[in-house]
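Two complexes are shown next, each including subunit A; its partner changes from subunit B in the first to subunit C in the second.
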Partner chain A sequence: MSIVELSTETLPGVAISGLTIAYRTDAGELAAVSDITLGLPAGTITGLVGESGSGKSTLALSLLGAVQKPGRVTAGSVVIDGIGDITKLDEHALQSVRGAQIGYVFQAAQNSLNPLKTVGKQLLDLGRSHRVKDLRGLLREAKVLLSRMGLAAERVLDSYQHELSGGMRQRVGIMFALVLNAHLLVLDEPTTALDMITQANILQIVRDVHAERGLTTLIVTHDVGVVAEVADRMAVMYGGRVVEHGQTMEILGAPRHPYTRGLISAIPRLTGPVDAAKPLPGTPPTLGTIPRTGCVFRQRCPLRMEICDTVAPAMIGGVACHAVNETEQL
Partner chain B sequence: MRLSVRQRFWRGVWVALKRRPSRILGVIIMALFVFMAIAGPWFYPDRLPYNVDNMYAPISWDHPLSTDFEGVDVLALVITGTRGVLLVAVAAGLVTMLVGTAAGLYAGYRRGAADSVLMRIADFALTIPGFPLLIVLTTAMNFGAWWKMALVLGLIGWGGLARAVRSQTLSLRERGFIEAARGLGLPTRHIVTKELLPNVAPFIATNLLMAVTGYIYAQVGLYFLGVLPLDTSNWGVMLNAAVFQSGALISPDALPYLLAPLGAILLLTLGVVLIVDALEEIFNPRLREG
Partner chain C sequence: MRGFLRRLAGHLTRGLVMIWVVVTFTFFLIRLMPGDPVQVQYEKLIAQGMSPDQAASATAVTYGFVPHGPVWKQYLEYLSGLIRLDLGVSVDSQGVAVADRVFGAMPWTVLLVLSGILVSFLVGVVLGVVAALKRSTAVGHSLSIAGSLLHGVPPFVIAIVLAAVFTRRYRWFPSGGQYNGDEVAPGFYYDFIGDVAYHAFLPAAAFAIASYGGWLLAMRSSVASVLGDDFLLAAELRGLTRMTRFRYLARNAILPLFTVLAISFGLVFGGSIFIERIFNYPGLGMLLFASIGARDFSMMSGAFLMITAAVIVANILADLLYTFIDPRVRRQA
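Take a look at the complex of A and B:
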């Protein structure tokens, strides 16, 4: 087991401020992420939840500086301690940072392995690309990580993608993200398409590895249950904006934003009548139908007011909602 | 027992071949032709022995495929003609492979303006009717040297391969493992040559082998039509002489002289097709081991 010094200097925090990412489409430049300000405190696990198309993957990719064309960062910055503003780095600098300082486990990590190469071969490719001198040491580190996650390291390194199960591939993805000793870990939908037991396993691993290696972790998911399970802090996204963020336990215990409330009351319980779970009325906006002015959630909001049509609510005390602010100020 | 990656590959090749005996036949046919091309001319003198008293000899052990209009053994002509045919076809194939793969990979991975320009050129190369163009070119250029012919054939035929490689690249570049490679900070050169290229390889190989058979037809066709100088040994030269000098179409005596080179072309094409069938299984580790 590699011993990672738990000094605060090595823990990178992330400060996202005023970040706007727009995609150029036939209908003009449309913002998938607008004016997001969010901090990932060093050493914490932050959960980012939202429906499909809410911009959470785009936001996560911006931590890598890997927003794909035709998308681009139009405003704001992503400052990572020890690296600087990632939106200002050139492609060459980004390549050396990716994998080495920022570990990223992609959505559908089950498909993140080259089908024609064994895992070990891909590991060596990674090492050579990052000019690792000690490739034996890299292999040793990979074996430690794989064994730590309950895999037979020798066999996994010798396997092709199709010889591994979904949960194993997910763990191999985490190994790739961490093997170069990254301290910022981003997991995009780490439990999607896995069975419940494997999901629980993966989350346990994420939690353990996070603690042992002293990471700053961001988990992107649409599953509030995942966040409740592992995250210290959470942020809720809707229509490209963060509508509420704060301590996970506080938000789940007493959600304030009407969207967060809707999300949580839509979760079916194990016991009791099935229709106790209330689905949110309406459908989430797509990139083209996100309202340009006013509150993005107003069309589905039970607390809609006049001001919501014209003025986008500011983030005050961890929640961006006119109605909530009004009642809380009283 | 653990096998190295290379050992695994060759075992996979053997498994893929064994699965259908026709593939082994394909390999044997190709090996035969390659052997004839390399070693064939060593077995015969530069000027093949002729005997004008023994024209169109009946089929016998001495002349298993009869003789031509001056009493030269037809089998010897087929064997000594192989080198010229294969040399041009393989060299043209290499030109096609280099140009087509480079253009297809670059266009598919970069997209944008470079893609548009390269693909318009490829479309242009595809729409020109190749064979008539070749006939026109023979009047302007001297195709006597094999490499000139190979260069022209290869440069006319790269459009199809470029298109196939590009569409495959466009599909692959969106796949998870390419995205992951970018996310892990692997340089672009590595992604294109080490991640994309091996996955496109079966398409390149398949398209290439089919292109090579096309080059064999084109080249033999040019000799047959007599638009190229007939002073070399080539199956096309044989066909030309059989039809236009020996009248093989009306005289049954000369029929073996006509059928021998035709049979050689047919057999070679068959060999290529049978091997192409095995390629996908050889390149894909998932199919390889089963």
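Take a look at the complex of A and C:
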């Protein structure tokens, strides 16, 4: 559907098209990501929002060709400028691209560092794995990055993971992702499990390094607030599909898909009564309960129509919903 | 370094306290044995025509304390003897100092136990990694089965089988001794070391075969759990080479096994009684076995004490080793 739509956007840093990723389970191959077409324009920050199990992390991993077994890409492509279709690369090519051209930052609560080695030693491992000749230069670059993020670089390089706080680990994670000059940065839940002030700090850092280094950034989160704060563009995922995407301000200002609307009205406001926030009724589907035909959201949808049971809505003008398309065409 | 020294001092203190507890326990245990061996020997000597004074001092030489008088006084005398490494004299072969026999037998048992444990640890760990990485293939399954199968067989059964097959049916290995005294004299040269290894091979193999299965299974589950850790995925996403990631995996997976290694040292040391007996290998276990048979109580308590001390020292060494390989422990010290 969207080749035309992609071409209307600026030159994409990443073009995901028709991407389907399925996990092999006892009940057969189940798609965690279905037929997603999405562009990450060069130089932008894109926020990918969704509930747990919506397939957003699987999508993020696919940008590094790192969908974990028993999952695999069953259809579609992920074309990255300067690299090509990453789903077609062999293991050796993937190894040299990861870390060097695409940086990945884990959730802070996840331990992304080897607990038995200091940060500095792991940095040297990174350099050797990528055949960096000038290891001193690499250390220098790491120190610049760490100081830039407000850390005592020397001390951090000499520390083990357990000696760093959550916020420090996250900054170290960002340093690892960028120290080899990657231009595509993928952050998976970068602020989850951090306190509010640290969250704000990390987001500020993400914004700053993004601008300074001219990155293309994808930030995966379940927190609409994070997207509102940093992302130029956003995409909303539900049940393995992107249901709405576009400029962040436009979507947050006037959400069109009933799921997006539900998400936004579920956020409690700082002022006004607490119960003004309306939780979405029902629960998100799991891998096994995602509807195979029709619209994935219909069971929780207030605008459900007959056609929703049988036909998956096409992405038209940034939103995939039969009801919305019908009313907007009127 | 200062942290390390403080740690070492703490360990030594605790080790000494533990040895003291065991010594006290053995002291009273012997006094509580049916028939009170101390009293029995004392009375036997009198019956043989010694004067009570002579009998008392003869018994005192044997056990390191005077057989009558207040218990606390006997206990203190015993302790002060121990501090001078005087473990008394053998009851069975009069005039032989227990300490000499025990210290003479000790190195041979340490040799068996250490080589057995190290070989089984290395083999088990390597096979465990393979079993974990190939756990859904035929290789992985058969390794796990081989591991659990032999893990269930007690070491002395394996020792009996080895002894029967390789010293009786096929006379490939010697049927006893530490080395062949007729052919080689003790010393640090190739022939002697070769002969010692030749004699120690079967007993050490019995230890190794009996315990490698445990290491295999432990390493397999440890590797499987580390494989699920986020930092390995992170390493993959940073583009670290396969070899580097394997090193990360191996070092993290082997760590919990070191604690078990220390504990197993104690178990294997205890198990050496049977193994040495079966292979006629004159070590500490054999000494203990013989002294039990001859009701040689002073020798028994000396051997007990030595085994206790060896286990405690092994634990201390393991713990210190741990501080070198796990930075989380090191920096807290």
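General remarks:
Simple rule for what comes next: the second predicted complex is superposed on the first by the 315 of 330 C-alpha atoms of A that agree within 3 Å, B and C clash if a C-alpha of one lies under 4 Å from a C-alpha of the other, contacts with A are read in each partner's own complex, and residues count from 1 in each chain.
As a convention for this text, a residue touches a chain if its C-beta (ideal position, glycine included) is under 8 Å from a C-beta of that chain, and two chains touch if they have at least 3 such contacts.
Bear in mind the structure is a predicted one, so any value in this text is a computation, not a measurement.
When both complexes are superposed on subunit A, subunit B and subunit C end up clashing with one another. By the touch criterion defined above, A:L64 lies against subunit B and subunit C together after alignment on the C-alpha atoms of chain A.
With both structures placed on the common chain, the touch criterion links A:V132 to neither subunit B nor subunit C. Applying the stated contact rule after C-alpha superposition, one finds that A:V14 touches neither subunit B nor subunit C.
In the superposition on chain A, A:L123 makes contact with neither subunit B nor subunit C. Touch criterion met: A:D158 reaches subunit B, while subunit C stays clear of it.
When the two complexes are superposed on chain A, the residues of subunit A that touch both subunit B and subunit C are 64, 66, 94-100, 104, 106, 110-118, 125-126, 129-130, 160, 162, 173, 176-177. On the subunit B side of its complex with subunit A, the touching residues are 2, 5, 175-177, 179-187, 190, 194-195, 198-199, 283-286. For subunit C in complex with subunit A, the touching residues are 229-231, 233-242, 244, 248, 251-252, 255, 325-328, 331. The residues of subunit A lying in touch with subunit C in their complex are 61, 64, 66, 68, 94-100, 104, 106, 110-118, 125-126, 128-130, 160, 162-163, 173, 176-177.
Against subunit B, the residues of subunit A that register as touching in their complex are 64, 66, 94-100, 104, 106-118, 121, 125-126, 129-130, 158, 160-162, 173, 176-177.
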